[in-house]
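Two complexes follow with chain A in common, the first pairing it with chain B and the second with chain C.
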Partner chain A sequence: MITIFIPTPLRRFAAEQAKVSVNAKNVAEAIKSLTSIHPSLTPYIYDEGELIRKHVRIYLGEDDIREKEGINTLLKEGDELSIIPAIAGGTH
Partner chain B sequence: MSTSIDKDILSGIEAHLESAYPNEACGFLLGTQVQKKRDITHLIKVDNQSSENQRRRFVIDPLDYLKAERFATKEGLTLLGIYHSHPDHPAIPSVHDLEFAQPFFSYFIHTISEGKMTDTRSYRLLDGKFIEEKFTSNQYPLPSHNSQLTPHD
Partner chain C sequence: MRQTLEEIKFSKEELERYSRHLIIPEFNIEGQKKLKHARVLVVGTGGLGAPLLLYLTAAGVGTIGIVDFDVVDYSNLQRQVLFTTHDVGRPKVEAAQERLSALNPHVRFEVFNTRLDSTNALEIISQFDVVADGTDNFPTRYLVNDACVLAGKVNVFASIFRFEGQVSVFNYRYPDGSRGPNYRDLFPTPPPPGLVPSCAEGGVIGVLPGILGSLQANEVIKVITGVGEPLAGRFFQFDAAEFKTRIFKITRDPENPLTGSNPTQTELIDYEFFCGINLNHNTMSNQVSNGQLSVTDLHEWIKSGKDFQLIDVREPYEYEIANLGAILIPKGEILRHLDEIDRTRDVVIHCRSGKRSQDVIDLLKQEEGYNNLYNLKGGILAWADEIDPSMAKY
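On to the complex of A and B.
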């Protein structure tokens, strides 16, 4: 099983769970499984083109998947993915 | 929904943001939420990682975010929001703040005018817009001229 960490702001869309377990061979499958279990998460993770939203980061352990193989990054039993909202802002 | 913030947390925010002036600074707010009562009791200061003009932008490292979530879990707390400064600008969310806003979080924005904190306001995202939320503090006098703040007894 792969464990997916749900950030606090999105837990309301995941039955208030902090972690969700899925079966998946790669990141794309894992995120698809997650949004199948909790469809309300979909607009917070995917954009209209069904790509991972620009302001959502996905980490495998301590590593950004963009620095690996992106959503094609292979997973193994026991891996932990984290969904991390980009936190930024500023004045005008 | 009621939101309160501990006086020591406000003091910690004030010291952090004033020390970073004229740059923007930022951090996490943690505490507890029971039903509709939100109490902010902890803060985590983080570095502004913006590679743009730090006087006008802040960015938090995703790993710092993950550490804050892990700390909250370990301590039995909830990650409740983000604080950041608007150096020499009103404590009003910008389009950049809105672009990155998350549901659930309280967004505390603090005006730092010429190095001193002069205003504190908090906002929540509702239907894609920021709505100012009232909050209370046990700090007196309040470090703000925000008329919506009501100190505890």
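On to the complex of A and C.
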């Protein structure tokens, strides 16, 4: 199983889960599985062209998947993915 | 004249005040001298700015710049521990300076009671060594990032939302002179408007900016003193709900318009437009409503024969280089020439970049009650860029 960590701003679209486990061979499959379990997450991760939004980073362990093969990066049992969206608050 | 590091001295009272720093072997008096010599700009006096300013002041940073345009309101007090109930209604920079000066009278404060924007960001940021970004919206995040990269300043970043916090040190200067990645490497573009609510809409747990702002202050002090390993090329994520912390590596983006393999951006841009906010901001009504007039609108006003007054607040030698045929009243002489400034017609005030003219407008509004003034956004530089390319830029 692959563990996907859901950031706090997106948890309300994932039944308040902090992490979701999926079976997947690569990052694209893992994210697709995640959005099929929690469809409300879809617009927060994918843009209209079904690409990962540019303000959303996907990490495998501590590395950006851009350092690897992007969404085609192969995954192995026990891998951990993190979804990190840009946030801007500083609170005025 | 700015003192050199070698010229920095401490009084007996200062030595006692900073003694807990001085007895840390790797920090000692050399670290304290670097702090006193340093000039740090804190952008925003909100939830992050409060701990940032309190700790940087207590630690003995020599000069602290504070930028904010807002006034204190009751909804701030849940997390902005810099302010008290008595401060409600006061300009934040004023209340902050008063509180911080009482905490440490050895620190010099330079306050900017204004909104940081593309017309003033480079001018303000260039005056400092390190910038700490505690702002609360995407346009200003990108503005601070870009201005820091263009001015060669380190940008110590923190951001929060509800239970989530992020910290990083952008554009860090390594000993070999090379620069670390910046915000645009991490997030090339902001989310579309409406997709991510602001803290004002989405809320934030009050302690969170206290935690993240303190981490940010710690990074500022590390960057200044060279003690420890700054959080450059990496970023820290804090999940306050689960109490999980993670550190991720930042990958450089070859398409970064500032620092990528083919840089295309050499100046500040319109960040509201970049972030998809106010997309119709060039329309006259929108510009006029916030007191800013674009050069395109001014051009329209002139062409349409509209009855208005145009005033230039630069110096005579600048007027010689390039002018729009306006009445020349240098900024420093404005209060002696009030009888020449119309109160009945619309008045457009301009300078080189839009900064001085805004200062004059603020002054005339606050002190003299003018309510018919418009600032020419981007000043004569914008006019040269957008309307008259033959005009000299200086």
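Observations on the model:
Going forward, the second predicted complex is superposed on the first by the 86 of 92 C-alpha atoms of A that agree within 3 Å, B and C clash if a C-alpha of one lies under 4 Å from a C-alpha of the other, contacts with A are read in each partner's own complex, and residues count from 1 in each chain.
Just so it is clear, a residue touches a chain if its C-beta (ideal position, glycine included) is under 8 Å from a C-beta of that chain, and two chains touch if they have at least 3 such contacts.
Keep in mind the model is a prediction, meaning the values are calculated, not measured.
When both complexes are overlaid on chain A, the residue A:Arg53 reaches chain C alone and has no touch with chain B. With both structures placed on the common chain, the touch criterion links A:Arg66 to chain C but leaves chain B unconnected. Overlap of the chain B and chain C interfaces on chain A comprises residues 5, 7-9, 11, 18, 55, 57, 59, 62, 64, 82, 84-92.
Interface residues of chain A facing chain C in the complex, by the touch rule stated above, are 5, 7-9, 11, 18, 43-44, 53-55, 57, 59, 62-64, 66-67, 82, 84-92. For chain A in complex with chain B, the residues that touch the partner chain are 5, 7-12, 18, 55, 57, 59, 62, 64, 82, 84-92.
Looking at the complex, you find that chain B touches chain A at residues 24, 26, 50, 56-60, 62-63, 65-66, 69, 72-73, 78-80, 82, 84, 86-87, 89, 93-97, 99-105.
By the touch criterion given at the top, residues 44, 46-49, 68, 70, 76, 79-80, 133-138, 141, 158-164, 166, 186-191, 195-196, 198-200, 202, 204, 209, 237, 239-242, 244, 246-251, 253 of chain C touch chain A in their complex.
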